[in-house]
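Here come two complexes built around chain A, the first alongside chain B, the second alongside chain C.
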Partner chain A sequence: MLQGTLIYGFINSVVLMLVALGFSVTFGISGVANFAYGALYVMAGYLSWLGLHSLGLPYWLAAPGAVAITAGVAAMIYWFILLRVRGLVVSEVIATFGMGLAILELFRYLGFIGFEYTLPPLIDASVMIGDTYVDAQRLCIVGAGILLAAFLWFFTHYTKTGLAFRGIAQDERTALTLGINADKVAAWSVAFGAGYAALAALVILPLGTIAVNEGYNVLVNALAVCIVGGLGSTVGIIVASFLIGFAQILTATYLETSWMMLVSLVAILAILVIKPSGLFGHQKQLEERI
Partner chain B sequence: MLNVKDLIVFYENAIAVNDLSMEVREGQIVGVIGSNSAGKTTLMNTLSGLIWDMLIKEQRKGGERITVMGSVHFFEEDISKLPAFRRAQQGIVLCRERHPVFPDSSVTENLKIAGYLRKRAEVKQGIELSFDLFPNLARHRSRKAGFLSGGEQQMLAIGMAMMVGPKLLLLDEPLLGLSPAMQTQVVEAIKDVRRHTGVTLVIAEQFARPLLPWLDFAYVIENGMLTLTGPGPELMDNPEIKSAYFGV
Partner chain C sequence: MSEKTILQAQDLSKNFGGVKAVDGVSFSLRRNEVLGVIGPNGSGKTTLANLITGFVKPSRGKVIFDGKNITGMAPYKVADLGIARSFQMVKPFYQLPAFKNLNVALLSPRLRRLSGGRFGDRDAMAKDLLEEVGFERDSWVITHQAASLPHGYLKRLELAKCMALQPEIIVLDELFSGLSLAEVASMVPVIEKLVAQGKTLVMIEHRLKELFRIADRVIVLNFGQKIAEGVPAEVMEDPQVRGAYLGSEAEE
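Showing the complex of A and B:
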């Protein structure tokens, strides 16, 4: 029992981290709001389902295709919608949240509801860890989580575009005077975050069905992890996803499964009261110090 | 190198730069001397192209109307309408007032971000050069830039501007908010940068005393208008300058 809780708590934490990474790239590291994030996540799932079942493409074509299209759609959302209100944070949030609602409800309207909307697992098998059964897909999730988190850290510390992400978030005017095309970099960041959302969708969604409501849950979870961890901190994301991930599993095991979703909301509230910049927050730390 | 003709900038109905023309030749050190609200920063923002970013942002907000007239030529090419990042790519780099660094990134990272336009090897060389020129920065290389002192931040900001590889470096009030001792250090640092790279400089400043002696040419502006021009040392002896800027 305890061993199972620990293993599933760990896996649940990695799922949260995967979901939060892309959101953190865009909103945390680059300071561009993308609240259509959950919608893009679900869209990636439906797109690869369509590729597999309606177009009959092989998996190795349908999955990367879905990732590329999702990233492209996100870049277009930036270029045609977000750019007009860039710099006005509240308008950015409203515009992208509205886009997300439109995408999600469009899928609902088109009738993408039901149990047939599932993605195939990467490996269909299961293994024993101690005396707990774990299916291989969940191990793939852990692998993908480690890979994507490591790549994100590398990307934002050692590549020009990644470093520029952090530049435009901290001071856009200074970035401009250094020759950084802030709008182009921000568009890349939105596309990059959406690509991460799509990759997360491809490994996580095979555990269940692709559902419209998943889009809202993903957004709430991603937001909770980013706020608790502190915007812009990759280490914070990892720590926060483990805190919330284990809290969720413990709630489900010892209290009530339906309370799981409350954990993220309570976590957001608690951190905003105790330490608004988050556990490892960069963004407001300096101001709070003064 | 740089030719500014009949430049006029309005914020709504207030005139910030009034029919200003100036010229910067390659290799010169040119000063723009003026008190607070004389229009120095607006002039520097217009030269660097940042004014276009401000104009767009204000338009989005439905805020202040900014109007820019006149022309700016760089190496005979009209750059009046180019945005800031394009001008930086062409070699006009502005170091804004109040030491603009990325406060949450470390010193080394600030320099790396500033090396956006440079190749990997050039970035490495540039960081080493910055640390040579500003030994203080080398000591604090892994500290967050926001925790540095004002003078150190100013040196970092200059180092970052140099990373871009400027042909023309614009410094907007590099001495603002610094103690007199720090001011001398920063002036020495600017001289060092100049000796090392031979970059053409335009410096906007209100503390004229430490700068005037080594300015090839200075423009004195008041309320957006040119009032006096001439080589720096010559202006040192001008009675008006003496009374207005040296308190003599």
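Showing the complex of A and C:
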């Protein structure tokens, strides 16, 4: 049982990390807290389902298509809505949250409810690790999590666009003086984050059904990880994912499965009381320097 | 506008609520000139820099750069056209190593254009620039996070960042503030070299002695208005300037 708890705790942690990476990347670069994040995640799921079942597309077309459209929608949300309220944090939150509600409730209104809304697993098999059964899809999730985190690191540290992203993230004003178009980079960052959400959706959603409520859960989990880890800090995201991920699985194993969501909420509350900037948040220190 | 004029401010004004931060300021800047902007605290110097570089949109007036109206243009576009600026409060990318700070500038669309798409070895270019402003090329300093550098180094980094853009004009907002006498003394030759290379500079300064050594011409602001303009020695004789600016300094 302990072995199973460890394995599933690890997998659950990677799921949380996958879900939080996109939210964190957008916030880290452009300071936009994208509350439509959960909705974009679910949208990617439905789009890819529509591609597969309504349009009859093969998986290799439907899945990347869904990712691209989701990223495109996110970029448009930035360009047509967020650009107008840029810098007004409360308005940004209301605008993205409103968009998220609109997207999610539209799917509900259109009748996207039921068990038929599922995505196929990448590999339909299961393996034994020690004496615990693990289905291959969960291993795919772990693989995808490691790949996406590694790609993010490589991208921000070794590419031109990545360096511009980090520049904007660290000081938008200075980036502007160097001729970098901050709004264009911010739009990219929102699209990039949404693309990450879509990729996460494609590997995680095959474990269950695509449901509107999943959008709210994903947003809560992403927020919990980012708040506990410190917004914008990649190391923080990884550490917080594992803290909350294992806490959730331990709760499910030894207490009640239905309490899993509570763990995220309690984690948010606890960190806000103890260390509001998060475990690895560095915004505070920087402000003090200046 | 004469052929030598590179920048012209016409009746530039900015109101913040009821406060006239800059009030009808006009001046022109000749190519390869060093223009000093002085005045007491709150006289509108930084707002003037912000108006020129696009960080603040003017309430009235125009900015003409190289025959082109750039009034109210976005800051990144102004930078792209060739006006670099530094900030009074240093604004490096704190979590990048010093030389990587310059890489961001070296990747800008302007540099891509100027170099014809051939960037070459950016790390080496960044290190060249840092050497020009007085960093030791092989020291550990340039590979450390900017956050760990002392103020004097960050000021140099700020200047190097402006230079990296290969601009026509550099607007320096109190580059010398917070530096020791020795540090300023070591910066002056760097500025003189820039002038020798044909750059045009606008220097907002409180350190008058050093400024006057470099500046060809000075304009004096007080309560947002230009109260004097001329060569440094002349301006200092102006009774209005003495009253507004030097008078207040003498009292301190």
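FYI, the second predicted complex is superposed on the first by the 282 of 290 C-alpha atoms of A that agree within 3 Å, B and C clash if a C-alpha of one lies under 4 Å from a C-alpha of the other, contacts with A are read in each partner's own complex, and residues count from 1 in each chain.
FYI, a residue touches a chain if its C-beta (ideal position, glycine included) is under 8 Å from a C-beta of that chain, and two chains touch if they have at least 3 such contacts.
Bear in mind that the values here come from a model prediction, so they are computed numbers and not experimental data.
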item: Simultaneous placement of chain C and chain B on chain A, clash or fit; value: clash
item: First (chain B), second (chain C), both or neither touched by A:181; value: both
item: Chain A residues touched by each partner, larger count belonging to chain B or chain C; value: B
item: Touching partner for A:85 - first (chain B), second (chain C), both, neither; value: first
item: Partner chain(s) touched by A:232 [first = chain B, second = chain C, both, neither]; value: first
item: Partner chain(s) touched by A:173 [first = chain B, second = chain C, both, neither]; value: both
item: Contacts of A:163 with chain B and chain C, given as first, second, both or neither; value: both
item: On chain A, the residue positions that both chain B and chain C contact, one per complex; value: 160, 163-164, 166-167, 170-171, 173-182, 282, 286
item: Residues of chain B that touch chain A when the two form their complex; value: 48-50, 53, 57, 60-61, 83-85, 88-89, 93-96, 100-105, 109, 112-117, 144, 146-147, 160-161, 163-164
item: Chain C residues touching chain A - in the complex, by the definition given at the top; value: 53, 55, 74-77, 79-80, 84-87, 89, 91-96, 100, 103-105, 107-110, 147, 161-162, 164-165
item: Complex contact set, residues of chain A against chain C; value: 160, 163-164, 166-167, 170-171, 173-182, 282, 286, 289-290
item: Residues of chain A that touch chain B when the two form their complex; value: 84-88, 157, 160, 163-164, 166-167, 170-182, 232, 282-283, 285-286
